[in-house]
Amino acid sequence: MRTVSYIQAVTEAMTEEMERDESVFIMGEDVAWNMMGDCTGLVEKFGTERVRNTPISEAGFVGAGAGAAMVGMRPIVHMLIAPFMYVAFDQIVSIIAKSTYTYGGQARLPITLRAPMMYGVSNAAQHSDRPYATLMTIPGLKLIAPATPHDAKGMLKAAIRDDNPVITFEDRSLWGQSSEVPDGELIVPLGQAAVRREGTDVTVVTVAGAITLGLAAAEQLASEGVSAEVIDLRSIVPMDTDTILESVAKTGRLLIADPAHEMGSVASEISAVVAQHGFWSLQAPIARVTTPHTHMPFNADLEKVLLPNTDKIVAEARALME
Amino acid sequence: MITVDDDLLREMYRRMSRIRKFEDTTKELLLAGELYGAFHTSTGQESSILKTRNALRIHDSMVGTHRSHGHPIGKGAQLDRLLAELMGKETGVNQGKGGSMHLSDFSIGSLGETSIVGSGLPVATGAALAYKMRGDDNVSLCFFGDGASNQGTFHESLNLAAIWKLPVVYVCENNGYGELTSAKDAISVEDISIRAVGYDMPGVTVDGQDVLAVFEAVSEAVDRARRGDGPSLVETKTYRFENHAVGRLPEHYRSSEEVEYWRTERDPLALFHQVLIERGFDEQQIDDLDAAVSEEIVAAIEFARQSPAPPPEAAFTHLFSPSAG
Amino acid sequence: MRTVSYIQAVTEAMTEEMERDESVFIMGEDVAWNMMGDCTGLVEKFGTERVRNTPISEAGFVGAGAGAAMVGMRPIVHMLIAPFMYVAFDQIVSIIAKSTYTYGGQARLPITLRAPMMYGVSNAAQHSDRPYATLMTIPGLKLIAPATPHDAKGMLKAAIRDDNPVITFEDRSLWGQSSEVPDGELIVPLGQAAVRREGTDVTVVTVAGAITLGLAAAEQLASEGVSAEVIDLRSIVPMDTDTILESVAKTGRLLIADPAHEMGSVASEISAVVAQHGFWSLQAPIARVTTPHTHMPFNADLEKVLLPNTDKIVAEARALME
Amino acid sequence: MITVDDDLLREMYRRMSRIRKFEDTTKELLLAGELYGAFHTSTGQESSILKTRNALRIHDSMVGTHRSHGHPIGKGAQLDRLLAELMGKETGVNQGKGGSMHLSDFSIGSLGETSIVGSGLPVATGAALAYKMRGDDNVSLCFFGDGASNQGTFHESLNLAAIWKLPVVYVCENNGYGELTSAKDAISVEDISIRAVGYDMPGVTVDGQDVLAVFEAVSEAVDRARRGDGPSLVETKTYRFENHAVGRLPEHYRSSEEVEYWRTERDPLALFHQVLIERGFDEQQIDDLDAAVSEEIVAAIEFARQSPAPPPEAAFTHLFSPSAG
């Protein structure tokens, strides 16, 4: 075991997979320059053909990733910041998500899109989205949001090896966090949620960086005598509804903490699944702690007004216990 | 000047005839209610489509458009599985999931036709990127229409291919219209090939009804790509004889004289027939080629009709590829 | 009162608003050719400047609509078929949805996007999406799905007069339906659901063309002694949650019928709202009748397997009554 | 050749000085922690930005980019409300909602800067469409970078403007880099202006550090647009003195010699200073202009600092415009 930061874990995953398989390569804006600090050492090891800078042409290079994947490569496409996917949206939806189905299984799309999310850092509306819910509406994509260095490494490696398109939403509020990662090979299968803390009174499901808030809230709730079970969703599609339903069967209460906008959120989807398939376990309403349906402002204090935080989670959880 | 021997001439004619007869058949079956879906035929564009074996090898790939019946045929796909696909059958090349706008055949390098206008250009560019990275000498062929040349993906793809010197040939089939809108009203230049200047790549416009002219231009571009000298843009001026979608939509946007002129004076099959005669073929030889194709078509109809429909569970398969991941 | 088809109602709305206000114009692919039959008479009345054919450049002309709106025009942008919005997605999200907020209210975006939806007609995956749920995740857009000729006219007119971006999802399965529309001016305010049939046992909320199925199901349920209240959502954003919550308070049961894919659907959002704010009224799980999370196949019978229908609604409603 | 009288020279210098001093100040305040956000400054690009009153009227509009501090200033915006915006204050031109990447001022025709690279081109094109439809003689000015010229929106916008003959001037500020990537590695042509050929519109490349050259090229394009003769593409070769984003990111992608060269030899302010002297201004006159600008800056800092922060409820306002609808 070593202590590794999230961003290092991401670099390790890419490095190991590129070493292992020649068909893996990374492309994106300024990746060869290691602009974001997440490609350290890659260009030195693999050269600028396999660590490939692209022009600012998201539709073009995302679609080129799809084409390369269809003939046998395994591209990692670096989106720089998640909302830049909007520029390439049609390629993601109409080509990447749909080709395997439309061509009756003839096409394989082993492509990984890395979509780091920046929010809460005064980048204003155009740069601060957390668009996993937007993409959840599109069948044919696997969506993940690893929340620990361990998962950042193991899930990214699984994503790269997956023969299907995977979009990995890296919450940049986690990039700097460090924790234990085993030496040697590490693969974390996609599609499984992780129980991060066991509890009996209320289930708190967290999405992406909300894990930090969820664990802090659980700590505080514990001091008030409320036992929260904290589940890190990790994989958005496929969604591990079994783990959530089992937990709710035990606790009878559900709160979902999700940094994205409330309407159509992953929080809403989880709520709907439980309201349909876990209804008889519920002893209280299902609470969603999300960002209200408005944009991210530039002003730092205004942004804080909108985003989920520990206090909001604690308050909602308390209300469920009444 | 590329030499075209008799064998090649014969094969070219055969492929054109296959496209023409396939399209005539599909139109008939559609109007008779045996086929369905949004249906865009290639009749009139056969020359423009054709890339016979010398220009393109089996390992080379191509990407098409919504007007796609002809493209896999041009590359050598079997007619029976294409027709079965148009009937939504399990034996269809896409197992009934794709239909008219997505005919494909990965086994012969047809990476599928995509019906979002302009969306295929990045895909073809990416296939070329793979070939270049792997160091094999495959070439990627990319079809798109005049209308598609106004999509942003055109610009981004050509720029990418140019800076990376990718082995890709962009073939713009300019049939004068995007749906009902004349290319004259939608495109800021007369010849789309001039746009190649903005990417520092060769651009050429050829008569799309003259299969030998198309063959020469595309062959040159393919050779160039295969040599590692990068991408090209080839524009073929052609025409679609049928309406945008068969059996749908108004026809008031173009004159019947115009359609008539192209059908009678500029029919690529008739023009090529003429060439064959000039090159010493006799009518019987040509009739024999046509007859063989007709037999293939009859067999294809039979195959498609006899094939089973996919079972209901098939709606759920192929969302993902089976994967260890 | 006259009997008018949905598509005629749409044409009337555009005609009247273009007559009323010179700044209203329509642009899109082949609109001047009346390709879809929904622009009958427009070019004759208003000419090709105001009924403007565009090249196939969705990002370009949707963004141009935004720019024209910012300096005082009121464009109606015809998307032809809803999924073509993916090609213009960044302009819709980053510019149209965000500019009013980002510029602190300086920018007005009175733009209407008409997004007809075709599904169930063998157009295969790329052409058959019903992407209102995808866009619901984006704050700053009003989304409507009128389901009667009356609303098609009155809501489209309200949308055109609205100083904000409105996307109107026209379900083409409704285009051919006719019913009564009043003579003279008709404005239907956005943001209000409509109770189409009153009932006491179960609330059936329908989205877009699902109204047809919902009403047929209610009829059948009535014959089985189950009284269904059918609510036509009409406006997706803003969502009239009050009307839904009131109905559920009365019936105690909720079923949502939505032709879109289940994950992240409007059905899921409605469910989450009720599970959070109407929980104590609920006597049964919340049922969603939607399209499973997979693409639309070309084959007509396979497509039917996936789409909601009356039988599925009846069966689910029955199960709620047990 | 456009004549530039002394008044105009003075005004040009004043605006350049305003941009330079504003940027020097914002950089300082940022590094001192008083400002925040992703921060792209225009230092070095002042000439390229400048469109003084004769070229552009108040009713003409402009659309900028993420590197946007200079653009509204160039069009005559007040510094105090811009600086207040960078501090996130209620008095900010965007009421604290936009920040560094969205400085705007609709009151003087700055329709806002948009930070998604390439996203402003359709918007500027649409403003021009409105002007044309209304028959007024406004012109729309569109700024974008070399990097942005590879986005699909560039292609689609220029084609739209060309076929519709819209009164829009596309000004590409080619500062040699998009983030860390050299234009040479990302763009398939040496001069971006050659891409105008693909749209049948005039395209010209000028020295972006020579304000008079920029002024002349842009004035000509603006006049042409105003006359109803359609769009143009003007490329200004310029350089950003600071890193892509101030205080962030590595600087290893370009040599310090290169930066030094541009700072010392190709500083647009110093070059213009020279011109003014040649045109008969004395140092005192120039100092006076600078001093007046410095005073304006001091006042702007004061204003921004004293301004209140927006109240928490402000997070919820402006999602929609108030509307009867």
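Order of writing sets the labels: A, B, C and D. Residues in every chain begin at 1.
Everything that follows uses one rule, which is that contacts are C-beta pairs under 8 Å (C-beta built on N, C-alpha and C of every residue); 3 or more make two chains touch, one makes a residue touch a chain.
What you are looking at is a predicted structure, and each value in this text was computed from that prediction instead of being measured.
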item: Partner chains shared by subunit B and subunit C (touch criterion as defined above); value: A, D
item: Centroid-based (C-alpha) most distant chain relative to subunit C; value: D
item: CA centroid of subunit C to CA centroid of subunit D, Å; value: 40
item: Distance from subunit D to subunit B - Cα centre to Cα centre, in angstrom; value: 45
item: Subunit A and subunit C, separation of their C-alpha mean positions in angstrom; value: 30
item: Sites on subunit D at which at least two other chains make contact; value: 94, 96-98, 102, 114, 116, 119, 150-153, 155-156, 159, 163, 185-187, 319
item: Multi-partner residues of subunit A (at least 2 other chains); value: 54-55, 57, 59-60, 83, 86-87, 90, 94, 101-102, 124-126, 139-140, 293-295, 297
item: Chain contact graph, described as a line, ring, star, complete graph or other shape; value: complete
item: Complex contacts: residues of subunit C adjacent to subunit B; value: 29-30, 33-35, 53-60, 83-84, 86-87, 122-127, 292-295, 297-303, 305-306
item: In the complex with subunit A, residue positions of subunit C that touch it; value: 83, 86-87, 89-90, 93-94, 97-98, 101-102, 124-126, 129, 131, 133-134, 136-140, 237, 239, 260-261, 263-269, 271-272, 274-277, 279-280, 282, 284-288, 293-295, 297
item: List of subunit B residues in touch with subunit C within their complex; value: 36-38, 85, 88, 94, 96-102, 114-119, 147-148, 150-152, 178-181, 185-187, 249-250, 252-253, 309-310, 312, 314-316, 319
item: Partner subunit A, residues of subunit B touching it in the complex; value: 61, 63, 92-98, 102, 104-106, 111-112, 114, 116, 119, 121-131, 133-134, 140, 152-153, 155-157, 159-160, 163, 317-325
item: Subunit D-facing residues of subunit B, complex; value: 150-156, 158-159, 162-163, 185-189, 194-195, 197-201
